[in-house]
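Next come the structures, one after another.
Below are two complexes that have chain A in common, paired first with chain B and then with chain C.
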Partner chain A sequence: MCESKRKGDYFHSEGVVVNFGGLRALNNVSLSVGENEIRGLIGPNGAGKSTFFNVATGYVKASSGGTFFEGENISGLKPHEVAKRGIIRTFQKRGILPGLTVLENVLIGYHRLLPEMKLWHIGLRLKRFKTLEKKAIVEALEVIESVGLRDVSDQLARDLSFGQQTLVEIGRALISRPKLLLLDEPAAGLSSSEREHVSRLLKRLAHSHGVSLIISDHVMDFVMDVCENLSVLNFGEILAEGPADYIRQHPRVLEAYIGTG
Partner chain B sequence: MLSVKNLDVVYDKTRAVKDVSLRVNRGQVVALLGSNGAGKTTTIRAISGFVTPRAGEVIYRDQSIFGKKSHEIVKAGIIQVSQERDLFVELSVLENLRLGALLQKDKGKITEKLEEIYENFPRLKERRRQKAGSLSGGEQQMVAIGRALMGNPNLLLLDEPTIGLSPIFVKHIMGLLRKLKEGGMTMLLVEQNAPVAVSLAHYFYVLRNGEIVTEGDTSSLPSNINEFLAKYYI
Partner chain C sequence: MNWKMRNWIIWVGFVAGLVCIPLATNNYYQYIINLIFVNFLVALGLAIMLGYCGQFVFASAGFMGIGAYTAGLCMVHLGMPYWLALICAVLVGLVFAVFLGFIGLRLSRYYLAISTMAFTLAMRFFYVNAKVVTFGPSGFNIPFPKLFGFGFNTDRRVYYIVLFVVLILAILSRNILRSKVGRAFVAIRDNEDVAAAGSISVRQYKMLALAMGGVLGSAAGALYCVVLGRITPEEFGMGAILLHFLIVVIGGLGTFLGLIISSILITILPEVLRAFAELQEVLYGGIIILIILFGPEGIYGLVQKYSPVKWREKMYGDV
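Up next is the complex of A and B:
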């Protein structure tokens, strides 16, 4: 294991095991992410990356082991309870609503920040509701600008390219002001200029806005550029951890990616 | 036998394959290597007509097959074994194999071919009446390759034939491919496990982000293949 730059445990998992029937998808996975850190989670197909995201965000219950955030044990919490604590994720299969516009899709992410409101506040469009709605739209447009979708903010999501849909999903995650953001294959389907844009955006998020990130991706140039440290999963186990240069030369990582004779 | 020039495939607005050129000579085994998402499967799907390329040339036996439908390409002698295997799970092993010989009218030749496949994969003979869906992954891969061979291909396209298989089945499948190679079968092999592919192939291409980044004779590769290929994978 490489002695990589550590910023203290902000989020961590301890000995997480996930069994799907007879298959062990994660085996004793312990992973720590510091505050403002951008961590890459890489590994070949079926290594357990998405399963780890599912455990961290409450979609899958670990068979044993636990997850902790800001000192609190969050194991076993439901996805919305995890989100409430500021852990927000995106999905590989883009969970956006195709019949809504870009702006409407991003606004959905604002839900986490809304104060409790009665239905009649909304139905009667009371002043309190209108003020809040205006504020949400202003913030959503700022986020849309930051992800580079200003020109298509009123287009239906279904009319966008896969790459643009990815940006919508990232925008929707950002508007909820995450503390820890888990991105599942954010670079898939992006053009090289979109990739560069997202890369700059994510670095800015971590370094200027104090967000921690875990990024899982197969686009190596992207993930190696954005992430300070990488954890490599293979067959559900952590194979190696460290900065890009260390990971690139690690013999077991090479075996996992390129194969063995 | 096959010459691909400046092939471009675009999904949505993303160029999945960029300006790819490659050649497969008669009797040659060519490996297409690269990590996940590099464009390997898209390249062979463009050759076999499952995706329509945006630009480029695909010449097979001096005829352009660019943009032709997949059944026309099969008729021309190019047969693909896809990664998903695409078996008819409710049909028996024998029925699946026979489907591969749909274009063959001579019953004698079909029987002869079946015997040849059973000889290579005795396990399929034992299980010929069993539903394909009830077989293990390795056995299903045998059926998929067997079905392709029933079509008497001139060029066999193989998409990750060993993916997800146990070491014993990898050995079986690679053994058969080696036998086919010795018999002069022309093959374009997509494989993530580079050392396995290189051990079989005469020539290799490495794809990264949809582009060919290096190529050469497999005999020119250094003994530590992983060290050599690392920069193209991660």
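Up next is the complex of A and C:
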């Protein structure tokens, strides 16, 4: 049952079960991610990938089983508490804030790093506020530059293309200095050059900044390129796990994706 | 820094202009101007809750009534000086806002709207019936505020109290909105899940928005009672909610400049149309419908659409 519980696991889930009414969305899902690992989570539509993300980040409560991060049980935490610990996620239906500009959207990600900015600093415009706010804006502009949105940083997020909105969301995730990043279909809607750019960005994040990633996507080239290891979900269960090349030829994975003839 | 200098000059000029207003008015005009300031303040509170944070809180008139009655009754029953009564009013308003938050924010948005409206009406009911304390439906007279022996006994003198309080609270609110707090409010309005993914505690910030609404509303009420000189429960019912709602909607949900313009328009309108006083609420309703149909983003939206200068409020500080 708990075969995934190994020492040194950075993030892992144990026997997670989620029921929506009579439907079992996740069945006994155990998955672990090591430090600086890029893990792909693939599977057909409705396999439970997003549900798994929702459980891991506190948006959905598991009926049984638990999630652990840095050796602590994080199962009962609320979404913002999970985020505070450094588990940052993006959303499949683009989690942008339409009424805010690109810069302000990205600054939302910086919120995690501003706990020492108190209400009286803000209200009275104390020096503390100015220093922190300035640092935030400078960093946000750097991140915007790095995801390639410099020219639109003052535009409202709702006026951007789907691909650009994806980049805004990735920017929001990047600026918050995540320890574990969960990206829900980051490649959807991106052009091939944007895709390449993002994949380089994510690899650098894992290898030089020590961030762990779980990437769920349908774009196989992208997933195979970025991820070292893959987990395959099908009907709410882990079907197979292993390095990309192994998964590519796994008979049950092929069966799940293509169907038996 | 050039823009810093320029901003300072604009600010000083603006405040100096406001200070000089009584030189050019008679008592009637001054009274209207005082009302504009009060309406702006209470609408700002509503705009924070409704426009910025997206919470359907219809308690602006309730908070205003609490402020007015607390300040007035503290002066009448306890003989408090006005400044102390004002502080008491704000504190009581804050307590009620937090109380309302504990109950209301657990509910979904429609129930939040209904429960806050019920709160406003219940408070009015209380003013009417708790005659021993509140003097019942006919209301009571508010004594003139005094400060260091100086009596604020004309509309022009009262204006300076109003100006002082409104300026301070408006600047504080503006500072707070143009920071991580304002961003968090708008994030909650636009998408609570995304806000939470940015480690924003949705409940805590909703509570903060409500607290700000409570403070601004009750402060506005405490000013209102000295502007009017006499308050009755009728001032704080559905009509008042409608008025505040109208100011916020016409201003364009959640913008400062739009709010100032619409406070002026909506306060002056009934004075201009005094001959048709009975039709006031019909008129208000009509305006709301027109705005929803033709300009859902209010004055702010119209300016965005037709003005060559694009002005949008930044949600981060000038640093």
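By definition in this document, the second predicted complex is superposed on the first by the 248 of 261 C-alpha atoms of A that agree within 3 Å, B and C clash if a C-alpha of one lies under 4 Å from a C-alpha of the other, contacts with A are read in each partner's own complex, and residues count from 1 in each chain.
Here is the rule we use: contacts are C-beta pairs under 8 Å (C-beta built on N, C-alpha and C of every residue); 3 or more make two chains touch, one makes a residue touch a chain.
Computed from a predicted structure; not experimentally measured.
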Touching partner for A:Arg128 - first (chain B), second (chain C), both, neither: neither
Residues of chain A touched, compared between chain B and chain C (which is higher): C
Which superposed partner A:Leu107 touches (first chain B, second chain C, both, neither): second
Partner chain in contact with A:His209 - chain B first, chain C second, else both or neither: neither
Contacts of A:Gly99 with chain B and chain C, given as first, second, both or neither: second
Touching partner for A:Lys61 - first (chain B), second (chain C), both, neither: neither
Touching partner for A:Arg248 - first (chain B), second (chain C), both, neither: first
Touched partner set for A:His80, first chain B, second chain C, both or neither: second
Shared chain A surface residues [contacts with chain B and with chain C]: none
Touching residues on chain B, where the partner in the complex is chain A: 11-15, 35-37, 164, 192-196, 199, 209, 225-227, 229-231, 233-234
Touching residues (chain side chain A, partner chain B) in the complex: 42, 44-46, 161-163, 188-191, 218-221, 224, 247-249, 251, 253-255, 257-261
Touch list for chain A against partner chain C, complex: 57, 59, 78-80, 83-84, 88-91, 95-101, 103-104, 107-112, 114, 117, 119, 122-125, 129-130, 133-134, 136-137, 172, 176
Residues of chain C that touch chain A when the two form their complex: 172, 175-176, 179-181, 183-184, 186-187, 189-191, 193-202, 208, 314-317, 319
